[in-house]
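What follows is a set of structures for review.
In what comes next, chain A is part of two complexes: it sits with chain B in the first one and with chain C in the second one.
And now, the complex of A and B:
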C-alpha cells in the first residue's frame, strides 16, 4: 500500500484528536499487517469506493472508547459515561466522521476521487478483521485516554 | 432591589441568543447524530437561544419546520442524513417558506454539496469539528443578514 494514502488519515486523526479532546497526542510507530488481526473491542469502520477502495478502522478498547467519549461529552458540560451507551457510541461515530472528513479532503486535493460510507460501529470481544489481498497499515495514537489505532487498508482500483 | 443600578458591572453583556426585542431566537436542529444535536443545543442554550425542536433526518426536519412555522427563526441542517439529505430538506423548506433562515452543518470534504446549498438559499455553513465560537459567529451572522 502506498504511504500517500495513509498520511492524510494520520494527519487528520492527529489534528482532530488534539482539537476535540484538547490534549497532547503521540504518534506511535507505524506497522504493517497482512493477515487477520484482532480488533481491540470498539471499532468504527468507514468504507471507501472510487479511484481507491478499501476501509479505515478506528480501533480502541472499550475502556478507551468510554474515556474518549466522556472527554468529548465533558466539552459539552455533560456527565461522563460509565458504559458505552447510545450517546457514547454516537460520540465515537462522530469522531470517526470528523477524522475521515478531514482526511478525504486531503486525498481529494491530491486528485483521488472516491465516496465514503457512513461510519458503522462494531463492539464486542475477540473480533478479528480480514482483508483479502490488501495489506493493512496501522498507526497507533497514544492519548491520555488510552491507545487508538488507525487501521487503513486501501488499494487503487484495479 | 436595585443591585444593577447600585453596582454597575462593566463586564455585563446580553446573551447572544436574544433578538433585539429581547426574546430568545428559536432554533430547529436537524442532525442524524445525537452527539452533534446535543453539542449544538448545548452551545445555543448556554447563550440564551431557545432550541424549539430537533429532528434526526431531512424528512422529519421538514415536517417539524412546517409544524413550528412561523415560530422558528433558524434551522441548523446537517448535510448527510438518511431518508432525506440536508440539501433536499433545505430546498423543500425554502419552497414552503421563502424567508427560511437555514445554516448548513457539514463534514469536511463536502464542498460541492455546500456550494449547492448556498445556491439553494442556505444563509451560511459551518464545517465540523464544531466549536462554540464558530457556531455562534455563523449563526448570529445569518440571523442578522
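And now, the complex of A and C:
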C-alpha cells in the first residue's frame, strides 16, 4: 500500500476512537497480510473508489461491538444496549463511516481523490474474509472495550 | 508379533558404569504393557499390520516404525563431542556401547526448548541396519497400530522436514502422524560425514557435558560449507541458492582462513557471526545515492523503450536512495518519456521516510544537481522526480498490481529470502518483465545460473529473459 495512505488511516482511527469513546487508545504494531483471515464476529466495511480501488474493514467481537456502541450511546445520553440491536448496529456503522471519512478528508488535503461507498455491516459466527490479490494493512487498536482491527486494502489503478 | 528386542541386550553388570547409568532408564516395562494391549487390538481388527512409536517434535506428531526402535530412553548426561554438526547432542554410554545421539529437532531446524542442565530428555534408541543411534525428541507419546493401507504418501506441504525423509502420513483418531524414514535420514548423515558411531567408539567418554571449544583444524570440506550454509538460513540472515552460491563459496574460503588465523571455529554460532559472514555481500552504493561510476554502468544496460512510459519495479527499496538515483538516471536517459517506478519495502520504518527523503547538500554527487530543490529541512528531490516514484509498504511475497515493466531493480533482495520464496519472486520477475526488459540484481547474484535467464553483456549483473 502506498506509504502516503498509511498515516491518514492510522491518525483518523486514533483520533475518532479517542474522541467518540472518550478514552485511552493504544495502537498495536502495523503489519501486512494477504491471506484470508477470520472475522471476529462483527465487521463493518466501507468501499473506496477513485484514484484507487479498495476497502476498509473494521473488525471486532460481538462483545466489543456492544460495549463500543454502548459507550457511544452513553455519550449522547442514550440508554446503553445489552445485545446488538438496530441501534447498536447503526452506531458501529457510523463509527466506521466517521473514521474512513476523516481519513479520506486527510488524504484529500494531500492531493489524493477518494470516494466512499456507504458502509455495510456484517455479523455472524465463524466468518472469514478472502480477497485474493490484495495485500491488506492491519492496524490493531486496543480499547478498554476490547480489540478493534482495521484492515485497509487499497491498490493503485495500474 | 514379537518385538521385544531386549533379550539379547541384557546388560552384564561388569560393563555397566554406574555413573553413566544414572539418569538413563529404559521404559521397557511400560512399553511391553502397551504392546500387549496393541496385540489384543490386532486380534480384534485384522487389518492392523504396522506399528509405530509416536512422539512430538515442536508440537507436531511423528511416528517411527516400531521395528526400528530398540528402546525408549530417558537421556541424562551426554558427553559433548567437539567439532560436530549442531544437531549432534553428544555420545551416550548405553550399557557399554557408545552410541551417538542426535537431536531431531535441531536436525530439521525445528525449535527445541532449552532444557536445564542435568534434566533428563526423552528419546528413542533406533536400531538401524548399520548401527545403533539415539535421537532426542520433545516427548514420547505411545505406540500406535495402524493398517499400512491407510498410510498415504507425503505431501509437499510438510515443509518442516524435507520430504525425502518422510515415508508417509497417516491419520489415526483425528491426529495426523508423519512417519519418518529413519534409515534414509541417517544414511544421509553417513554419506556426508564419517559414520559418527564408528568414529566415536574410540573416543574416551569425558565425565562432564561441558562444551569444550571445538578444534579448528578440520580439513576444508563440503560438509563444513554445508554447515555454514545451513546456519545462515537457520539464523535467517541469508539463503545460499544457485544464484549466490559462487559468492558463498568464495566467501567461505576467505572466512575459513581468517577464522583459522584467529584460532576461532569455522561454524557460525551466533547471529552476529552470521551477519558478519554476509557483510561483504552487499553491492556497491547500497543504501546510498549511486555514484557516477555506477550510474554509467546502469545506463549501459538500459533497454530501448518504444512506448510513452518507462515502467520500473524496485522491490526492497529501503529508504529510497537507489530508487531516486534510478529515477534521475532515467529522466536523463529518456528525456521525452514518462517514468513510473513502483518502489516497495516491507520495512515500515525505512519506507515511511522514503517519499519525503531529505539529505544534506554535500552528500549528493553533482549528477543529480538539476533535480534537487532546497527545502526548510535540507535538500530533497523536486516534484518531477517525486512524481515518478510510488513508494509502497508492500511485502514482495504478497500479490501486487504492478503492470509489465521495462526494468526490475532488485539488488541484494533475493538472497535474503528463503529458497522457496526466492523461486516465487523470480517467477514473478519472469512474468512481469517485458521480453525487451532487464533485471538488475545484486553484484553477487547470478540469475543466469537458473533456467530462463540470460546475462546481458556488461560490467553489471543484468539479465534478460531467455
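Everything below uses one rule, namely that the second predicted complex is superposed on the first by the 158 of 158 C-alpha atoms of A that agree within 3 Å, B and C clash if a C-alpha of one lies under 4 Å from a C-alpha of the other, contacts with A are read in each partner's own complex, and residues count from 1 in each chain.
Operating definition for what follows: a residue touches a chain if its C-beta (ideal position, glycine included) is under 8 Å from a C-beta of that chain, and two chains touch if they have at least 3 such contacts.
All values derive from a computational prediction rather than experimental measurement.
On the shared subunit chain A, the superposed partners chain B and chain C are arranged side by side without overlap.
When both complexes are overlaid on chain A, the residue A:3 reaches chain C alone and has no touch with chain B. In the superposition on chain A, A:151 makes contact with neither chain B nor chain C.
Applying the stated contact rule after C-alpha superposition, one finds that A:19 touches chain B and leaves chain C untouched. The partner that reaches more residues of chain A, of the two candidates chain B and chain C, is B. In the superposition on chain A, A:64 contacts neither chain B nor chain C.
Touch criterion met: A:137 reaches chain C, while chain B stays clear of it. For the superposed model, the angle subtended at the Cα centre of chain A by chain B and chain C works out to 170 degrees in steps of 10.
Using the contact criterion defined above for the overlaid structures, shared-chain residue A:72 touches chain B, although it does not reach chain C.
When both complexes are overlaid on chain A, the residue A:94 reaches chain B alone and has no touch with chain C.
After superposing the two complexes on chain A, the closest approach between C-alpha atoms of chain B and chain C comes to 24 Å. Once both structures are placed on chain A, no chain A residue is touched by chain B and, in the other complex, by chain C. Residues 16, 19-20, 72, 76-78, 86-87, 90-91, 93-94, 97-98, 100-102, 104-105, 108, 116, 118 of chain A are the ones that touch chain B when the two sit in their complex.
Across the complex, chain A is touched by residues 346, 348, 351-352, 354-355, 390-395, 397-403 of chain C. The part of chain B that touches chain A in the complex is made up of residues 33-36, 38-39, 42-43, 46, 80, 107-110, 128-129, 131.
The residues of chain A lying in touch with chain C in their complex are 1-4, 6, 30, 32-34, 132-135, 137, 155-156, 158.
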